[in-house]
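The letters A, B, C, D and E name the chains in turn, as written, and every chain counts its residues from 1.
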Amino acid sequence: MSETDNAADIVPIKRPVRWHIFVFMLPALIVYSAVMVLPLIETLRLSLYNTVDGQPAFVGLANFKVLFGDARWARDFWNALVNNLIFFAIHMCVQNPIGVALAALLSVPKLRGVAFYRTAMFLPTLLSFVIVGFIWKLILSPIWGVAPWMLDLIGLKFLFAPWLGQSGPALIAVSLISNWQYIGIPMMLIYAALLSIPEEVIEAAECDGITGWAQFWKIKLPLILPAIGIISILTFVGNFNAFDLIYTVQGALAGPDMSTDILGTLLYRTFFGFQLQLGDRSMGATIATVMFLIILAGVSLYLFVIQRRMRRYQF
Amino acid sequence: MSKARTSPIRTGLVHLALSAYTLVALFPVFLTIINSFKDRASIFREPLMIPTPSTFSLVGYQTVLGQGDFATYFQNSFIVTIVSILLVLLFGAMAAFALSEYRFRGNTLLGLYMAIGIMIPIRLGTVAILQGMVAAGLVNTLTALVLVYTAQGIPLAIFILSEFMRTVSDDLKNAGRIDGLSEYAIFFRLVLPLVRPAMATVAVFTMIPIWNDLWFPLILAPSEATKTVTLGSQIFIGQFVTNWNAVLAALSLAILPILVLYVIFSRQLIRGITSGAVK
Amino acid sequence: ADVTLTVESWRNDDLQIWQEKIIPAFEAKNPGIKIVFSPTAPTEYNASLNAKLDAGSAGDIITCRPFDASLELFNKKQLVDLTSLPGMENFSPVAKAAWTTDDGKSTFCVPMASVIHGFIYNKDAFDKLGIAVPKTQDEFYAALDKIKADGTYIPLAMGTKDLWEAATMGYQNIGPNYWKGEEGREALIAGKQKLTDPEWVKPFEELAKWKPYLGDGFEAQTYSDSQNLFTLGRAAIYPAGSWEIALFNTQAQFKMGAFPPPVPKAGDTGYISDHPDIGVALNAKSTHAEEAKKFLSWVASPEFADIYANSLPGFFSLNSTPVKMSDPLAQEFVSWRGPYKSTVRSTYQILSRGTPNLENETWVESANVINGTDTPAVAAEKLQKGLDSWYKPAK
Amino acid sequence: MGSLQLKSIRKTYGTHEVLKGIDLEVKDGEFVIFVGPSGCGKSTLLRSIAGLEDVTSGAVVINGRDETLTPPAKRGIAMVFQSYALYPHLSVKDNMGLGLKQAGTAKDEIEKRVAKASGMLSLEPYLGRRPAELSGGQRQRVAIGRAIVREPELFLFDEPLSNLDAALRVQTRLEIARLHRSLKATMIYVTHDQVEAMTLADKIVVLNAGAIEQIGSPMELYKRPANVFVAGFIGSPQMNFIAAEKVGDHSAKTIGVRPEHLTLSREHGTWAAKVVHVEHLGADTIIYLESDQCGLLTARLFGEHQYEPDEIVYATPDQGHVHRFDVDDQAIR
Amino acid sequence: MGSLQLKSIRKTYGTHEVLKGIDLEVKDGEFVIFVGPSGCGKSTLLRSIAGLEDVTSGAVVINGRDETLTPPAKRGIAMVFQSYALYPHLSVKDNMGLGLKQAGTAKDEIEKRVAKASGMLSLEPYLGRRPAELSGGQRQRVAIGRAIVREPELFLFDEPLSNLDAALRVQTRLEIARLHRSLKATMIYVTHDQVEAMTLADKIVVLNAGAIEQIGSPMELYKRPANVFVAGFIGSPQMNFIAAEKVGDHSAKTIGVRPEHLTLSREHGTWAAKVVHVEHLGADTIIYLESDQCGLLTARLFGEHQYEPDEIVYATPDQGHVHRFDVDDQAIR
C-alpha cells in the first residue's frame, strides 16, 4: 500500500505530449459538453434576459435585483434556502450516518445474508418518486392510518399527528422520507469503499486488539474518508437540486403554506410554471443561476480545499 | 467449526440491527406490492392486510397490461438503460482515469467543469436539448434518450470513479508500465477490473434516474414505438381520478426489472479485489 | 397515404374514451385521417408542452387549458387563430371567453367542456339522519351539525393537504354567492373591488367555519383521501366539482345527490361556478393544418359534444346545441344553469398573469384559513397585497 | 505465561490441505522457529495460532485454555505480518502506539515504549512519516516495532528480517533475542535465514508440505537430522546426498555429507572429482565438483582457495560427519 | 544491447534528498548488484532507472540514448518490485503472460515461456491461482517470473529472493545467473544477502545515504574496501574495528580485521580476551569476545568449537588481512 501525494510530483519541462490524456477525456467531454453543458449555458444565459414590452431583451443583472430586491421574491427565495438548509442538515445527520453505519455492518466479514440485506435496504432507492410519495402518504395518512395503527400497537398513538399537513413537522417528515429513500446511496458507496480496504490491515488491527467500534473509528473510517467526502458533497448537491419528492408528496406549492418549499421546487415552479402560473424562463434561469453558484461554491470548496487536503491511501 | 473472529453475540447484534433496518426499508415496498394485488376498496379499507381470496384482484395488472404494448415499453427501457449505463461507465471511467492518474495543467478545473452537470438539473436545458435533437432528427428515437442520459450520468461517474481510482496502487500501474502495457491497456486491463465495486456502484446510481425518468421520454421520445415503461405507466396518474390499482401494479411491475439489474450489478461488489497485490 | 394527427392532452383518464368512442367516430367519417391521442400526466403537461412547442416537436392538436396558459401560447404564435373555423359559430361568446384574446377579437381554441361546482351528498345518509337538502347557509350548517352529532359520518369530506381542494372545492365553490358571480369578478378585474372587501372576505369566513366538520387530521388529508372517504361511505357531504361524477358513479355503493352552494339567505340569487375547463387548438407548426382543421370543426360539432358529454358525465358541453345527458347526477348539476347565475373562477382570467400568482396564493390561503393558521382578514389582505404588487387595473 | 499447544491442527483451502495435522507444544518462554520451504504452511500456521484463520479442525491451547474460538484480540499476542500490514493512514509513531492506546496505556508510557522500540530499530528519523514514505526495510521495521511495543506474552514473527541489510539484521536479531530474555515472552518465529534459525531458536520446527518433519534444537537438527528432508533443508549449501550403493555402502540407501565436511586435496582422497565452478564468498569458498562415482558434490572451504574449473581434486568425507539414510529416507542411527 | 549510464542522478522527496548525485556506468551484459543499508536509496535508484520516478536532476542513458523522459513502457526493461506489485485480479499465469500478450507475442510462445519460467520457479501447481491465494514466497516467485518471461535487455531486481527458503534461493539464484548468461541481458539487482551479492555480481555498487561509497568486483570489495563503511558493510559478521592507537599503530586511525581472519587460541596470541557469547551455526562457530585492549571482537571459526562464556582466549589477527583506515575513514593502501 502506498499513498499519493498530489503535490510532490515534479514534472520535467519537456515531457512528450501525452495524447492518451486527450483520448481518455474526449468522448466524455464531447457528449457531456454537447448534450448537457451547452443547453444548460443556453438556459442560464436567460437569467440576463427578460421580456420587455413583449420582446426578449438583455437586462443585465436586473433579474437578480428582482430576486433579491423584491420583497416577495426575496421572501420566497430565503424561505426556500432556509428550508433547503434544514433539508440538507437532516440528510447529513440522519441519512449519511445511518448509511455509513449500515455499510459498516454489512462489511462485517463472513456475515451471512449480506446480499439479501443489501438488496432489501437498497430497494427504496430503486423506487420512483411516484411510488415513494404514494406509499408514504398512505402510511402517514390520518385517514387510512397505517402509521397511527402501528403507533397504537406500541401504545404511542397519542404521538401521531397529521405531520405532512402541519407547517412545522412537514419539512422534517418529507426530509425523513427522502432519507429513507436515499439511504442506499451512502450505504452502497461506503460499502464499496470498505470492500477495498486490504484484509491484512484489518487483521493487524485485530491482533492489536482494535476491534469492533474502535476498529471502525480508528482504522476503517480514516481509510474511507474520501468516500465520506464524496457522499457529503453528493448529498449537498442532491439536496440543493432536489424537488421530485416534494413535488409528489407536498405538491408544487410545497404546502402547507410553503413550509416545505426548497430551492428546487421554487425553481421548477418558476421555470416551468404551475397551474395558472406561467413558466417564467428568465426568473427561473435567475434562480437556477443562484442555485448553481451556491452549489458551485460548495463543490469548489470540496474540490479545491477539502479534496486536496484529504489523504488517500492506495491498496 | 465455527469462527474465531466472529463472536456469536456480536454477529447476533449485527443481524438484529440489519434486520431492523431491513424491516424499515421493506415495509413500504411490501405495502405497495400487497396492495397492488387487491381491489380498490380493500386497498383503502385495509391497507395492511395481505390479499385474501375475497380482496385479491388482478384488476390493476389487467388494466396496466391492457393499456399498451408493455413488452415494447420494457424493451425500450432496457435498451436505453443498458446502453446508457455502458456508455456512462466507459466514458466516465476513461475521463475519471485521465483526471485521477495524470497531473496536467488545468486538471482540477477540468474536474470542476465535468462536475457542473451535477450542479444544475439537466431538465432546465430541455428546450435547447430538444431543439438540438429536432435538428439532428433524433426526436422519437432511443438514441436521443441514450445521449441525454449518457451526458447526465457522466459527471457523477467521473466524480465517484476518480476518487476510487486514486486508491489503486501506483506500484501496480507501474508494474504494468514496466510490462510494456500502454496507458490504454493499464486502464482497461488493470484499473477497470480493480475498481469493480465502484463501477457497480456507479452503474446502479446511473441506472436509477434513467429507469425512473419520466421527463425526457415524454419530451424526446413519446411515440408508441419508443415509449419507456415509466412513461407507459404514467397514463395511470390522472388529474382528478387516480387509478391506484393500476398505479400500484404498474410501479410494482417496474420495480422488478430494475431490481434484477441491481442484483446483477451488485454482484460485482466483491471484497478483497486488491488483496495480495503489494506488501 | 393516411395523414396522422397527434393530439396532445393532459387528460390521460380519457384515453379509453378517445380510443373507443371519439376517434372511431371521427375516422369513420373522415377516411385518410388518423388520430393518435397522446396524453401526458397532468402535472407535466404544461411544462412538456411548452418545451415541445418551443422546439417544434409538439403534436398537431393541442388540448388547451383555460385562459392565460393558452393565451400565452397564442401570443407566442404557437397556436393558430381559429376565429373563423367552421363550427365556431356553435359557441356563445361566453363559452369562448376562456380562449379568446383580451380584446375579444381572436379565438384560438375550440371549447370542449366546462365543469360546475357544488356539493355531492350521500343520499342514504341524509335519509337515515332525516336531513333535507340544505338551500341556505343556515340549513347547511344545521345539516352539518346534525351529521356531526350523530357521529356515523364525517360531515364534510375535504382536506387541506393538497391546497387546491380548499381553494377550488371550497373558496371557488361557495364564493360566487358572496361576490355575486360575474359582477364581483369583473369589478375585481376592473379594480373597483378589492379582495379585502367584505364580498371577498366572507367566503373565507365561511371556510373557516368548516374546520370542525372536517375529518380527523384533515390537514394531511389528500384529495384522493377525500374522494375515498366519501365514496366508501364514511363522509356525508363532498364539496365537489362535476368531474367527480363519473368516478363516483362507479365507486360509490350508495345513492348520491347534489346541491348547489347554499345561498346566504333564503331568497338570495344563487350563483354557481360553471367553469370552462378544456378546449382544443391547432399547433401553428402542424404540417397537416387542413386535416387538423377538419378535426377541430368536428370537435365543434354537436355530434362530438354528445359523445363527449355522455362518455364523461360531469364535463358539460359548451356547445350552444343542448346535449341530452343520461346521467342523473350530471343532469342535476346541469339543471342549475337556469336558475342560478353562472360565473367562472375568480382568479382565472387576467388576475393570475403575474407573480405572485393569485391562483396559487388563493390555494395557500384557503388552506391556511381552514387550518386556522391565518384569519380570513389576514388571508384576504395577503392576497390583495400580492395582487397589488403587479396588477394595475386600467383606470 | 505464554505456553502454547497445538492439537492436530488441520486447515484446508477448498480441497487443498495446507496444514495436515500439526501437533506442537511450546513451553512458556521458549523461542520456537518454524522453517520450511516456501508455501509449506508456515504463515498459515502462524495465522491459525493468532486466530486469523479458522482452523478446519484441531485445537489451539494457550496457557492451558482452549482458545480455538477466541478472537485474536483476546489471545494476548502480537504479530509481525509477512506483508507488514501497516496502517497506511497513521504515522510510524501511531502505527506503533495504536494498540497500546487502545489498551488504555498511559500516554507517557506509550511514548516511552515507542521511543525505545524505534531506537532499537533505528527508526527515530521516520517517526512522523507514513508507511508510503518508507523504504521496504523501514516498513518492515515498523511492523516489528508495532509488535514489540505491546510486550505481550506470545510473539508471532513472520519473516521479520527478510528485507533488512546484514548489519541491521544482526542488530535486530540481537534485539529480539534480548527482548525474549527480558520479557520472558514466548516467541514463534518464521525465517528462511539459517543463521537466524541457528542462533535464535531454542527449538526449530521443520515443516514440509503442511506437516512437521522434525522438532529439535538447532544443533540437533544440524547434527542428527531425522530424515533426508531435514538434512537437506538445514545447512547451506545443502548437504551432499550420494546413492549409498555407488560408494559401496549396502546398509543404507543414501549417505549424506555436508559441504563443510568434505576435505579437498589435489593429491589424494576418497573420491576423485572435477571442479565445475568455484564461488568466492570472501570468508568461504564454495567449490562445485562433479564426480563419476557420486555425481555432483559441493564442498565448502574456509577462507580463500584457488581452484580452477576442470581441475581434478580428491574429496574426502569427514568420517564422524557422515549421515546415513534408509529406503524411507529416515536417518539410520 | 543493454548498456546503462547514470549521470549525477538526484532525487528529492520534499526537502529530503534521497539520491545525492549518482554516477554509474553499466556495460552491456553486466550483472550489477546494489547493496547498502535499509533506506539508503536502492529502490529509488532502481525506480529511477525504470522511469517510475521522475528524477529531480540528472540523466538516465540507456544504450547510448538519453531516456530520462522516456516512459517506462518504452525502455525495454523488466523489473521485480520489492513489494511484488502483482496484478491481484489475474491468475499467476496471466500475471506472467500479460506483458507478452500486450506485446503481441503468439499464444503458444507465451504458453511456452510461462511454462518455462514457472518450471524454473516451481510455480506449476499455482498457475491458476490469484496472488491472494499464494504464500509470500510464491508471490515473490510470481514477481520474478513475470519479469523473466519478457526476456528484455535490462533487468531490474529489487530484493527478489528475500522471502525464499535457502534451497529455493540457491536454486533461483542459479537460474538467474543462467538467465544472465543465456540472454546476455544486463541485470541490476538489489539484495541484502551477502552470498547473493558475492556470487552473482560482476560488479557491486555500495550505496550509503544516497551516495555511492565504492564500486568494484565482489572480491575487490571484500579484500580492499575503500573505506570503513564498505569494510563494515561487506562481510558478515561485520569486520572488527579497533582504534589503532590502542594497539600501538599510530599511522592509522582505525584498523579492521574480519572475524574470519582472527585465530583463537587458548594458550597464546596477540590480544587476550574474554568469551562473551558463542553462536553455533553448525558449519561455523561465531565467538563474541571482549578484550580490554580492543573492545568487542567477533571471531568466526570454521566447524564446531567448544568455548564457554567467561573463558579467556587469545586472538591473533591474520597478518595479510589487516585493514587500515585514516582519520577520514579512508583505507590506507
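One rule holds in what follows: a contact is a pair of C-beta atoms (placed from the backbone, for glycine too) under 8 Å apart; a residue touches a chain by one contact, two chains touch by 3 or more.
The chain lineup, named per UniProt: A = Sugar ABC transporter permease; B = Carbohydrate ABC transporter permease; D, E = ATP-binding cassette domain-containing protein.
Every value quoted in this text rests on a predicted model; they were computed, and no experiment measured them.
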Task: Other chains in touch with both chain A and chain C - done: B
- [ ] Name, by label, each chain that touches both members of the pair chain A and chain E.
- [x] B, D
Open item on the list: With contacts counted as C-beta pairs, which pair of chains has the highest total?
Closed with: A-B
- [ ] To the nearest 5 degrees, please report the angle of the rotation taking chain D's Cα atoms onto chain E.
- [x] 180
Open item on the list: Distance between chain D and chain E based on Cα centroids, please, to the nearest Å.
Closed with: 20
Task: Whole-Å gap separating chain B and chain D, where each centre is the average of the chain's CA atoms - done: 53
Task: Between chain D and chain A, distance of the C-alpha-averaged centres to the nearest whole Å - done: 56
Task: Gap in Å, rounded to a whole number, between the CA centres of chain C and chain B - done: 40
Open item on the list: Where in chain A do residues touch at least two different other chains?
Closed with: 1-2, 4, 9, 11, 144, 198, 200, 206, 313-315
Open item on the list: Touching at least two other chains at once: which residues of chain B meet that condition?
Closed with: 3, 5, 44, 126-127, 169, 171, 182, 234, 237, 244, 272-275, 277-279
Task: Two or more partner chains touched - positions in chain D - done: 51-52, 71-72, 82-84, 133
- [ ] Would you mind writing out the residues of chain C in touch with chain A in their complex?
- [x] 43, 46-47, 50, 67-69, 72, 75, 159-164, 215-222, 225, 228-229, 347-348, 352-353, 355-360, 363-364, 367-368, 371, 373, 386, 389
Open item on the list: Residue numbers of chain D touching chain B in their complex, please.
Closed with: 51-52, 54-57, 68-72, 82-84
TODO: In the complex, go through chain A and note every residue touching chain B.
DONE: 1-2, 4, 6, 9, 11, 18, 20-21, 23-25, 27-29, 31-32, 34-40, 42-44, 98, 101-102, 105-111, 113, 115-132, 134-136, 138-139, 144, 146, 149, 180, 183, 185, 188-189, 191-193, 195-196, 198-200, 206, 212, 226-227, 229-230, 233-234, 237, 241, 243, 264, 267-268, 271, 284-285, 288, 291-292, 295-296, 299-300, 303-304, 312-315
Open item on the list: Quick check on the complex: what are the chain A residues that touch chain D?
Closed with: 1-4, 198, 200-201, 203-211, 214, 218-219, 222-223, 311, 313-315
TODO: Flag every residue of chain E that touches chain B in the complex, lowest number first.
DONE: 47, 50-52, 71-73, 77-79, 81, 83-89, 98-99, 102-103, 130-134, 136, 139, 146, 150
